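A single structure is presented below for examination.
Letters A, B, C, D and E mark the chains as written, and numbering starts fresh at 1 in each.
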């Protein structure tokens, strides 16, 4: 998988692009208990809400320049005139971003939630949720980023926001389901279902959008 | 104030740069109640924490490319070789960002807090806090952005985060102080004090950093 | 030398927002031939190249290219990663194992800079690095948009010689340039 | 013509990371004179210009410039805003009220594109727009880094004529160019 | 044949002259109709049995909701025309209508929200019709920014028309949402096939307000399409004569 290696190389060198979102995630999770004087037991109430929002935000940050750099320096043209599949390259890039940013954040989510709720099972249940949701968000925002290749455009934000909100709602409900001991698996399956559609659809749409922008 | 007009013109045309952060703020505030099934009365507990974090994040987003664009397209060099004061231009730019992004977000803060707490006085007390804090954050992150002009660098994030956290803590405490009816004004004065130092120091430091980067 | 037609353009027209760049343009090129597209600034040379590459669609007409290999293209932008060293950029172009890499690095005098970030290279050095894509190409069709820009005299000669050699190897070349150069080629004048 | 010295460089040296670009360079220029800095790619021409401008500090030596006006500089980058129209970019350069604006817009054939975004202009048109800074300058010292790049023949001639006129008006000109041009100037060869 | 006819009739030039001719009639007559129905509805109809006086916002809410969908349908028709027959005027119309559609949808949302406070006790509900109306609003904004994000107008037109057509599935969803899902929101009280489920005293002013509003919005569309033509055809010689 030479493509994977090359994408990894590029992302690795842009420390700000991958470590930045992780730091922001960390900042949010750290800031949350600092800004309110909660009792430890009340902290849990808002915690998961903030956790999902933090994942959402850091994924949004991560994808900000996922395509725009290539667009500006002319690399996209070089990629398009090659015979290799453009869609495939897009998927690869999203996967690399997920491995470098989404997965570490999922692990951090686990640690933070363990630190807050002190309930090991609940914290473990956070891992699949955050792993899947970070992947979904990455795909969504990659789409948004492609739509906003042109600086003036807000299209990306307009389209991705309504798509991201339902995911957030499902995430919120899953935790409650887990706490009540019902349906947790069903929610995971629902997310996986979304993911599988998105994984296939997003690279196709994105490649179409980018080609339209280059024209 | 021709400079002010020109900076405004530039920012206005980059819809994504100014409307984007506002939309993200809006998204966070909207997502918060969706992700947890709160009773209306409990919602208030986490609300202000999320509000301050949202302001922090949107200001961070706003400043992301406050200098980098000029750095890449060669405008910074043109600015530096002019006889006009570079520091002055930096202050102007931060003010314009604040007027276009910080102030609308402060108004939104008021609306959201009114919608959640239904306490008019409390919501009004949010306005000065968010107006001042958004200005402080903008300055801080502008500094961070200047430090990270070089893509690989994380310096910006590393330096601004420890500076931003105390502000968040003060913001958290101010609301509690207001609710308990004590010290609210003192906190405002404290923030104003920080702001006045920052307003003077940041443009000087930033102009120095940018010159070092250009060399 | 067998002369197989390699590029045929039939009646292509292009317009953006009522700005007609060219109208009913037709040409054909055999392998081993070269086409120099000329015209003043903004006459649509770069656009024509992008149409030949298939990046842009013509408003009317059609282009057919007789090759299944990747095309070799170099535009106004170098497609380099600023924040990576020269070495890493070569890796990204997937030339790290190319047998001629060493030779051209030597010729272009880039050896000393292998671990310098591209952002720190001079304008001409960046252009040279971009030209590696051309020097190490393995395609039939070479498309260049102002390749001589920013190069010093010596490198311009190296490039001209290389292109002449490529034509002898039966490749097809299409290029634009405001700088005169000694490549034996057909001319297409826009506007 | 009174010959006042306008730029004096004394023993300037510059090195980055043990890469010595130039060593003990000295020159002086009078008003009305022009200096063409020559040298192969990467020899430090752009760096020298940035030292003269005061953006970069020399490792050793000193530069003194005998003028209090803003300098006029045009580098490899055009300092244009891609996402703004040509009109707005002129506004940003604060040339919107310049008496000669109309004339040069006309001469450079940019009139038709006033409301097109700079990103959509051709490479040469962008360069021309960047050159407006030069054509409408009000400074004593003009510093140009490869001004002829990307321009068509006609514009190159306009530019050469303009620069010759400026020299007659007792301005000082320092430039680099790999493209030959007919400006009567001293030469400084690097490396 | 059809093609030739359409092209002749739909030349921006003829369109512009026709619009200028009919504009005043449409404007004044619909203004009169709307004002009369408003006065009638607001002052000369009895208070609602359940809702009290708050129901009177219906004279804004229903016309706006109705038009938000009709305008979208008009855009869909224009899109098909553009894609099939390459009529430029149709493309101009799409982008002329979009902002006005966004505006009416916004009015529908706001007036609905205001109405919701006294009647439902909440200003927002994630109910099918309301949600799909919100989506309609976002779609309008999306179409506008899609068009803006391409500098090549022709390409922008083409992509926008496709998106309009794809997005048209939302319209039947809005219409049928009240029947498919049991929701808080009212179901249609006026249909072509059945007897209205609304009191006649409210019905006539309501119909009047819909017609009047329709006329006024049409005038807005005409003005904005004129503006669009002036921008897009500014290089043509006849425009210079016109201006």
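The definition used in the following text is that a contact is a pair of C-beta atoms (placed from the backbone, for glycine too) under 8 Å apart; a residue touches a chain by one contact, two chains touch by 3 or more.
Going by UniProt, the chains are A, B = Putative heme exporter protein CcmB; C, D = Cytochrome c biogenesis ATP-binding export protein CcmA; E = Heme exporter protein C.
Everything quoted here is computed from the prediction, not taken from an experiment.
Chemist: Taking mean CA positions as centres, which chain lies farthest from subunit A?
Modeler: D
Chemist: Kindly indicate the chain pair that has more C-beta pairs in contact than all others.
Modeler: A-B
Chemist: Work out the mean Cα position per chain and let me know which chain is farthest from subunit C.
Modeler: It is E whose centre lies farthest from that of subunit C.
Chemist: Just give me the whole-number Å value for how far the CA centre of subunit B lies from that of subunit E (Heme exporter protein C).
Modeler: Result: the chain centres lie 39 Å from each other.
Chemist: Taking the mean of the CA coordinates per chain, how far is subunit C from subunit D in Å?
Modeler: 28
Chemist: As a quick test, compute the distance in whole Å between the mean CA positions of subunit D and subunit E (Heme exporter protein C).
Modeler: 55
Chemist: Could you please state the distance in Å, as a whole number, between where the Cα atoms of subunit B are centred and where those of subunit C are centred?
Modeler: It comes to 46 Å between the two C-alpha centres.
Chemist: What are the residue numbers in subunit D that touch two or more other chains?
Modeler: 76, 82-83, 120
Chemist: Name the residues of subunit A that each touch 2 or more other chains.
Modeler: Residues 13-14, 148, 150-154, 215 of subunit A touch two or more partner chains.
Chemist: Among the residues of subunit E (Heme exporter protein C), which are close enough to touch at least two other chains?
Modeler: Residues 145, 151-152 of subunit E (Heme exporter protein C) touch two or more partner chains.
Chemist: In the complex, go through subunit C and note every residue touching subunit A.
Modeler: My answer: residues 50, 53-57, 68-71, 73, 75-84, 88, 91-92, 94, 133.
Chemist: In their shared complex, at which residues does subunit A touch subunit E (Heme exporter protein C)?
Modeler: Answer in residue numbers: 147-150, 152-155, 158-159, 162, 212-213, 215.
Chemist: So in the complex, the part of subunit D that touches subunit C is made up of which residues?
Modeler: 16, 19, 39-42, 44-46, 76, 109, 112-113, 120-125, 127-128, 146, 149-156, 178-179
Chemist: Please output the residues of subunit A touching subunit B within their complex, sorted ascending.
Modeler: Against subunit B, subunit A makes touches at 13-17, 19-20, 23-24, 27-28, 30-32, 34-38, 42, 45-46, 48-50, 52-53, 56-57, 60-61, 64, 148, 151-154, 156-157, 161, 164-165, 168-169, 171-173, 176.
Chemist: Which stretch or stretches of subunit E (Heme exporter protein C) touch subunit C in the complex?
Modeler: Listed in rising order, the residues are 151-154, 235-236.
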